[in-house]
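Going in written order, the chains are labelled A, B, C and D, and every chain counts its residues from 1.
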Amino acid sequence: ADADAYFEAVIAADQKIEPRDAMPDAYRKTLIRQIAQHAHSEIIGMQPEGNWITRAPSLARKAILLAKVQDEAGHGLYLYAAAETLGVDRADLYAQLLSGRQKYSSIFNYPTVTWADVGAIGWLVDGAAIVNQVPLCRCSYGPYARAMIRVCKEESFHQRQGFQSLYVLARGTERQRAMAQDAVDRWWYPSLAMFGPPDSDSTHSAQSMAWKIKRYSNDELRQKFVDMTVQQAEVLGLTLPDPDLRWNAERGHYDYTQPDYDELMRVIKGDGPCNRQRMANRRDAVESGAWVAEAAAAYAAKRTAARQEAMA
Amino acid sequence: MNEDVGYLLGLADDALIASHRLSEWSSQAHDLEEDIALSNIALDLLGQARMLLTLAGEREGAGRDEDALAYLRDEREFRNVQLVELPRGDFAVTVVRMLFFSAYQAELYLRLEAESGERPDLAAIAAKSLKEVAYHLDHATRWTVRLGDGTAESHRRAQRAVDELWPYTHELFETEGDLRGAWLARVERVLAEATLTRPADDADRFRPTGGRSGVHTEHMGYLLAEMQHLHRSHPGAVW
Amino acid sequence: MNEDVGYLLGLADDALIASHRLSEWSSQAHDLEEDIALSNIALDLLGQARMLLTLAGEREGAGRDEDALAYLRDEREFRNVQLVELPRGDFAVTVVRMLFFSAYQAELYLRLEAESGERPDLAAIAAKSLKEVAYHLDHATRWTVRLGDGTAESHRRAQRAVDELWPYTHELFETEGDLRGAWLARVERVLAEATLTRPADDADRFRPTGGRSGVHTEHMGYLLAEMQHLHRSHPGAVW
Amino acid sequence: ADADAYFEAVIAADQKIEPRDAMPDAYRKTLIRQIAQHAHSEIIGMQPEGNWITRAPSLARKAILLAKVQDEAGHGLYLYAAAETLGVDRADLYAQLLSGRQKYSSIFNYPTVTWADVGAIGWLVDGAAIVNQVPLCRCSYGPYARAMIRVCKEESFHQRQGFQSLYVLARGTERQRAMAQDAVDRWWYPSLAMFGPPDSDSTHSAQSMAWKIKRYSNDELRQKFVDMTVQQAEVLGLTLPDPDLRWNAERGHYDYTQPDYDELMRVIKGDGPCNRQRMANRRDAVESGAWVAEAAAAYAAKRTAARQEAMA
């Protein structure tokens, strides 16, 4: 009861819960699920953009893309480390990704069809991620909040790079401009869907808000993203593919068409265009690299044994 | 072509193509740490390639920048050694190739750095790259030892990689013969620690060559098709 | 784009890309007879693609010939179904895909042949191709049965190929829904004889689509890079 | 002794030895070795040209190339069938190719580096093959002679296609012309080496000539090829890379520089640029397709069993 009171007091005071603090089981479980899903998203998210590394149209863009995909792997590492402070093991989380029991962001189940998709992901997908993640920097769980500060800083760098890449395309040849517009047309609604189901259907939100893991509802975040993105689209000179998108002076926000949540559910359930491919790639990396992990372990064991013998 | 330009392109293309093969590991490594490490090395080599291509383009004086040289040359104009263009292979091939190549780059860049009086621009690039190369070599060394002295399977794979790649190392020293002694000393030390057998030179008459004069293996064309297709599909576009 | 041109390009690209994947078997089949058979089918499909591309170019009236259409369109302009662009896979994938695709082509070409009043040019191509398609279908049928009713391993591989490819067959009937009944009848008969299980339609909500409007899998770009690189590297050249 | 006399008489009369005829063991062995090597060459020869099928620069050229590589597989089939009439099994010959005990033409151990190499192979390599093979149409062993008639007919078709392909390049853009010349520069000496070591070093020739398997010596055939090719090179407008190539009115032939026979020996011994790759590809096709062959056999066995049961 003391522990519960302490937890409630910390949350109420907007202070951080730290790994050694007592915390309700449900809080711990919710965080593990969310952080793991976030980490998995970084890892799977390497694939759609990584798809263009060997084909990037200039060496400067290739370097930017290589570094970005590498950053995503780094984000995965911070986040798995944050999850581990909650008493789980990265290997177990990883196994749950591979078995399909834990999810990753559905956005990464869409294919990168052209080079412009790399820019559109940077602009829209990283943009949506940032809107989602900035409030997480104030999340009540300390290690997660600190990981998010680092992630957000890099993400906003990526988002600017994506924007800049699309900007160049939008001002390039007619074919480049068409490529940029086409990418925005395909990524807009999936990006809106990244904020999850509408608040009316969102199951976990209320409790997460009470625990100050979440600070805003799905629909609030989605609206924030729309408002921000409309203005950036104007700078780019590209059109968002929503004929009903318009300023609502009364609300002080843009009205917009909701994404297809049935499609979102289908993709979450595993039936998006690339779910099978993404998981198969991941499993293949693990399986075909198993002998490397075993070799490293065997070598480490030999070294340990040799050291022990030397000391005996 | 100016001899010096050809020489610079050789160095540049070695780095560019080695970087390409390493970047094929993206999302494919056995763990996240290694995925990051391989991307890092790919990124370093790409950076070296860009500096070297830019310098080669300046020396040539025909207005070709790094992208014109990377994307608009045909296969016969690429000067890299065949070692770096061979297919990615398994992790053992990647590690052993990195060992052979980084040890070569380390010796070469050391010498180029020392020759700063003759080629100050190139010496500056070499100096800047040496720290990177030392890291690559260290990484390759640690993994070669782990694989060679790990499990029976990893030993078998590592030895196979050594045996398959060794013949291609001779091309590295066709024009830099004086570096081979130091290279051998480095490499032999690592192979010994890794309990791997160094192939005899004379037992193997297979000494593929041609890369420096633009005659490549049949793998190179597919690599270039992938690398260049988008750029070539949009003539004159800016990215 | 003229609707008819888009339709013709869909047929042409199906044949072209299917041919490309089959041609990847050159020197890779398990025996000589099969190497010849697969090349033969690749050659037939290439021939169909050329006739259809030429017709599409004529209909379009913009002066594009078969090569302009094959080599100078970007990925988003290709109209083939995703089924034909999926990676080559093992021999089971090749055989089962050929079964699904040839059975579709057989039904489609039969109908196009019958509609000669409406589109005589296309009907003529269909009529000419039907004999080829009958051979492809027969070949795929025999092999599906052999693999399905062969060893435990071949059965496992064949069933896996059926399960993996089945979702992609829905795209074949998005615009040709009336053909699915006849197609199913053909395919079910073969699968039954091969002791393979036909996947249930509703059990599988994964129904990839997009090829007909130019949204392809991530495999397509690599295929096109390989196919088009040389042609695009020599703008305006004649071969 | 009767058998020997019959054999000698047939040879002397320029008639054909047929499968059921008695023949000296050494004659049989020589033929098996030669026909098998020839068949293997067709099969391995599919690889260097096959390397360009997916990248051919026009659909018309792609179709020609696909058909040509397919023809080579067909030639392999005729030739294995001819060898089988001598009492050997194709599977055994194949195993000897894979184990490296039987050879194939060394020319196929050079890489096809550019598209023009496909044309150069058609013109020079098929050209050399035809010069080698036309006399074999009169070989004393019937099945081999008949197979060669069919092969030569198709080869000369291929040779014309190769010539025509180079002709177009030689009259194309500057880069195409350079590509054609470069290919000829690389393939000329290896093509000369296809006729084998000089007569002074040729071990098998004398006996083969006596048996009327061979009709001309290596050097005679090489000279014939040079004389023929010089004139074709003029039509192409391409230069053969031999500064000492010139008409010798006295001999009534062109003088030319001999190929590097040390290199030829190295390549024959397995150390050419592509020996390892060619063999690895072949082994990989056999190994990765073993399950298919097993499935076909298992299915055939089941069918046979079912038929027997039905008849029992």
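Keep this in mind: a residue touches a chain if its C-beta (ideal position, glycine included) is under 8 Å from a C-beta of that chain, and two chains touch if they have at least 3 such contacts.
Which chain is which protein? Per UniProt: B, C = Ring-1,2-phenylacetyl-CoA epoxidase subunit PaaC.
Treat the numbers as computed from the prediction; the structure is a model and nothing was measured.
J.: A-C versus C-D: which has more C-beta pairs touching?
T.: Result of the comparison of C-D and A-C: C-D.
J.: Taking each chain's centre as its mean C-alpha position, how far apart are chain B and chain C in Å?
T.: Roughly 40 Å, centre to centre.
J.: Cα centroid separation between chain A and chain B, in whole Å?
T.: Chain A and chain B have C-alpha centres separated by 34 Å.
J.: Would you give the residues of chain B that are in contact with at least 2 other chains, written as numbers and ranges?
T.: If we look for residues of chain B contacting two or more partner chains, we find 74, 225-226, 229-230.
J.: Residues of chain D touching 2+ other chains?
T.: Expected reply: 55, 175.
J.: Please classify the inter-chain touch graph. Allowed labels: line, ring, star, complete, other.
T.: Other.
J.: Pull out all the chain pairs that touch, please.
T.: Chain-chain contacts present: A-B, A-C, B-C, B-D, C-D.
J.: If we count contacts the way the header does, which residues on chain A are in touch with chain C in the complex?
T.: Within the complex, chain A contacts chain C at residues 48, 51, 55, 111-114, 175, 179, 182, 186, 266, 269-271, 273-277.
J.: Name, in rising order, each residue of chain C that touches chain A in their complex.
T.: So the residues of chain C touching chain A come out as 74-76, 205-208, 210, 215-218, 221, 225.
J.: Write out the stretch or stretches of chain C touching chain B in their complex.
T.: 74, 222, 224-226, 228-230, 232-233, 235
J.: Of all residues in chain A, which touch chain B in the complex?
T.: 43, 46-47, 50, 53-63, 66-67, 69-70, 73-74, 76-77, 80, 115, 165, 168-169, 172-173, 175-176, 281-282, 284-286, 288-296, 298-299, 302
J.: Which residues of chain B touch chain A once you look at their complex with the stated criterion?
T.: 20, 23-24, 26-36, 39-40, 42-43, 46-47, 49-50, 53, 66-67, 70-71, 90-91, 145-147, 149-151, 153-154, 157, 226-227, 229-231, 234, 236-239
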